[in-house]
């Protein structure tokens, strides 16, 4: 019941999916789609949208802790097959990934590339029917490109993450807001005046940093790319190595897509009461295992917050080091996901339509679909923009 | 059990109350303190602090919806008398105010002045033993000053709200952060790109506006004071009448201390899906009664969010129009309340020490205590600042 | 000729003075006004306004370096008596102050209180005819209050600086913008990514800090008031002692009203190429004398910028340590001065009207005139704001 | 003399060019370089740097109004050939372009592509000796790419603008600061509270918008790209068509690279006193010709500011519609140009070294040189950043 309410709520703020439901009926008739997603109300509404466009839909989670069970339950009422449970049990998580693959999908909608990697390694028999993959994240795209480099990629893949309407919005405004929503609601601590260390100054990292600054924090950036480090500096942040920044941090947020960004020896030097959170896709950025192993004791400090006693100091970790906005809150704001999921929906339709015409490689996001989504969003907001006239178009061609 | 955890959690981030507990033991011996507060973990820790300084403490809520029952329960284990329950029942709320007054307090710690008004109108017999009142809020100070103007104020009152360490911090950084924490967690909607209307550009209002802008909103201010209206304009906001602003609002937050700031005829003209919230002390700023009466139907849209169907449009109200950061979230950030409650504690000690020497009037907050709290806070952060030397002090006196 | 152009230019952006010229004709008939001002186009237009309202006007500068000679020249064409010259010669500066006093004024318009101090100490004979003083600045008000404390104040004084429309606007938005305008135009150096140290977090200091942050700087605040230091911290700045901040500074701006804010031993530790500027009223905040005395050599690095070679490092000082926005640029933005000078004009009219009814003390700015100016400014912008209705006014009185 | 001083001044803040002068001596021996640049102190120091690395250098301006004559004069003392004069005479401007080409250069350093277009159209005889072109701007790269598309490009070209260290810094932080520096110094008007319309939300446009907001303006963006329009919206700006935005504008800044961005019919509807400025490369964005032709009269309002009387209203244009930061101020901040010119220098060295190995096409900027410049800049600031370890490098390759 409450799951249904959550889905109804998000439908209020998803004008693009509502538009697609109304205008693209039947376009996915006869197509089986297996999707791995952070299963909460917004992704549920995406699944419902695909169903309403004609597809058979099979859903599982893409991260053990990000599934909301009431929503998973509600989804079944819409005729969608769901294998997903909020859990800490990685084995159960992988079983579910395999279960939704058992339906032998035509298309995969992936988030982080777990499904994509499985079908290309352990379950190659599924490649025969598979017509394409649409991948959501930076991390997933990196993994699939590595499949491509290894020469084993066997279907066309669209990197939805590479749509401008995705990485410029989802990664920046989405992660920026939802990361702080989660940290604030789970800790009730003040952000203003705090030393906030953000590891990584990619699109996600700069969203997180921008909002931290906006909330009054004194932000410090760590980076491995010197150009991004200088951008951070010019944006008014301090730039340091993690081994220095960690000593003065009140809050540390990682968002790099890389493992071991914070090292255990950094944590040992942190201040009493420091708060750690990860906003990257995988729980590899903060060394949770070492915290568990080395702490004098471990305690639940609040729901979603674990305390580790180390050298007599309290080190707090939100959401077990899994991506903090989903493991310990409601994920990205609704309107952001509405955009991302309109991109996803058009991507799946595109893969279906162009079946047979595409190579087995990673494609960027089709420019015309990117513009279509942007135009739809502007229209839903009632905003008109300028258009180049004939003279101006000519001018652009001149030298 | 969970109530205890919440209190333990906040004690991690309240260095000033911890300092006072350690260094002011016994200073309130023999004193009975009745307090009306938003009963959650931080105020609980204030009650515990007063108890540890020697006082007998009697606690009730200061707003029907802001009491957290698990915390109320936990407080009893600390030897504190509690009469409070989260409720919508105003009668029950007033009964509890009276119950904590039955203990015939020496001092009252008030938040919004409900206790103060009762002892000066309905229960004047308590004035005999009462030695002073310490009031927390702008609204409460206004009400007590009206008691003073009416000639019926019978005890000295300290306006804690008038401390610089209070109104410059609690009202601005506290309300600013916690209002958006609440709106974000209760709606999961995007703030960036939204038209956010903030009614009132006092300390609270500018905190709310500043954070909204920082989250990417396009902020519109409504005001009745032309000077504040111009400040808002120079701060980069648009300034309008509510009757105009309401037509383009995506989110409306009131924070004026005044009633009927949003009028029903404004609401009728709002957009489908608009979100309303109040951050002022009393639930009088948004016309909840008229919404309830006139809506085609009323529904629970999400926990803490009510939907009103009006002219076929959904109008959403968070926390029933009560102050949104407390009725639908965890209130101000911990560190902010640590400052405010250090001020409160010193205020109560001051009222005790100076009993007999003060007039029955509303006092501003003693400057030396204000500075003491600021110095303690800087010390807890390890920050040193400059000090004027003898020559400089002389210079200040010259002409 | 060019002086006239400058005055014509500012008249485009001074709607309030234009309004007063049109609607208050003759109101200062028969009054002699002596004024000490930063003599540039905007103050010239104030002098012209007073003249057009009927006064005889006598003008000198209030700071040796802030007089623009072409404007001074142009002013004479409007029938105004001017004794002022851009100079480094303090003796000449004081001679001019005395010359404009020779006219035996009815009213003094002062900026920094030099005229006020002279008439109360060296030229008491002028007090007989003097009906009042209207003082512009924080520094001036402090000096005149010290006259008051010493028991020698002999005329009513209106502290224009204390008008909300003054200190909330002039000191913050005016000084904030014009200080950076001056530093940027005189150095052409990048602000983004720089360590900018702002000494003093009063209204001026926070304006300067806010704009520095906005331009991408990493701002560090020094303060002597612990409450302001904490505000700075919560606003996202670092807070340090000057002896620490100076070591990492790229740019240092003082704005405290206090002398010796930067000490010579701080300067010795600064980085090669550091830029120093003062935005406070008097040139006492940076130890210019010691720089001149101790430098290995002194050179003109650019117009308005002096270089001091100290320990092999270049230390650059803008505008000789005099207030940087006037000594080395065009002062506050026009619209800001339009507001301040509307306040000044109404203040002088008020002093004339209420002659005989006022005590010889420092008055705050009359609330009704403050509101009048705010209303006029809103009207000039075409902005309407809300007005409390009868019910709401009643509500404000309740308890 | 003053030209020399200006050059000495900038050498204080150009650590990268200083580094290259010291460490790359002789690397350009025997090479003739013709350059068209905005001739002021910073570009002069680039020319000097190239000379000190061994090249013969021939300099002209790249925009009629951006040449500073005293700097041009000073440059000759360094043994550099200069043909440039600040002028409004387009014929003279083109003559000078041709004069510096007469030296039959090995390499061209271009800014806006005027030299490049001339050698590919009117003076093809020079292509024989020409080994490559290094182009600075977005506009120039677009023009040369059009040469490439037309099949007439005959030398390898490096698009310096495409270096991350260029477009992320120069276009954003450089244009952002210097545009407002120019507008403020030339008008002395207040930015806070103004409606500022920025046409174009590319890297330059967002720099301009970001700083305008930071200075307290209410910013409105016009765009033709719907994705950028939505980014602007999410960044908190309003988005409109120019025909609407122009009606409420106080200040309009164009930065699109397109012609006729503001149309004469937009100007007719603007407010009295509106200020227009262009920050794009060519003076085609604002219809200066139509202003000149249609105005009731035209007047010099201030140095660098022309007034056009249209329908009884004053329309003010800064710097004749040429790029405002150079035509009416000192161009980008020094440190920004230090980065850009380090990129240019390395680009020219690269073209020399790889002569014979490159195709006749437009190359992006070599990644390794981009990183080299970033590393040098970080080093000059004393900032250390993290480095991936072996395990982490492995992780990046996995799937």
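Letters A, B, C and D name the chains as they come in the text, with residue numbers starting at 1 for each one.
Going forward, contacts are C-beta pairs under 8 Å (C-beta built on N, C-alpha and C of every residue); 3 or more make two chains touch, one makes a residue touch a chain.
The UniProt protein names, listed by chain, are A, B, C, D = Adenosylhomocysteinase.
Predicted model, so just to flag it, every value in this text is computed and none were measured.
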Among all chains, whose Cα centre is located farthest from the one for chain C (Adenosylhomocysteinase)?
A
Contact-richer chain pair (by C-beta pairs counted) among A-D and A-C
A-D
Distance in whole angstrom between the CA centres of chain A (Adenosylhomocysteinase) and chain D (Adenosylhomocysteinase) is 37
Geometric centre distance via CA averages, chain C (Adenosylhomocysteinase)-chain A (Adenosylhomocysteinase), whole Å:
52
When you check chain C (Adenosylhomocysteinase) against every other chain, which residues touch at least two of them?
173, 192-193, 213, 216, 230, 233-234
Seen from chain D (Adenosylhomocysteinase), its contact residues with chain B (Adenosylhomocysteinase) in the complex are 192-193, 213, 216-218, 230, 233-238
Residue numbers of chain A (Adenosylhomocysteinase) touching chain D (Adenosylhomocysteinase) in their complex, please.
113, 117, 142-144, 146-147, 150, 164-165, 168-169, 173, 222-224, 226-227, 229-231, 233-234, 239-242, 258-260, 284, 370-371, 374-375, 377-378, 381, 383-389, 391-392, 395-399
Interface with chain D (Adenosylhomocysteinase), chain C (Adenosylhomocysteinase) side, in the complex: residues 5-6, 8-10, 12-13, 41, 173-174, 177, 181, 184-185, 188-193, 211, 213-216, 273, 300-302, 305, 314, 329-331, 333-336
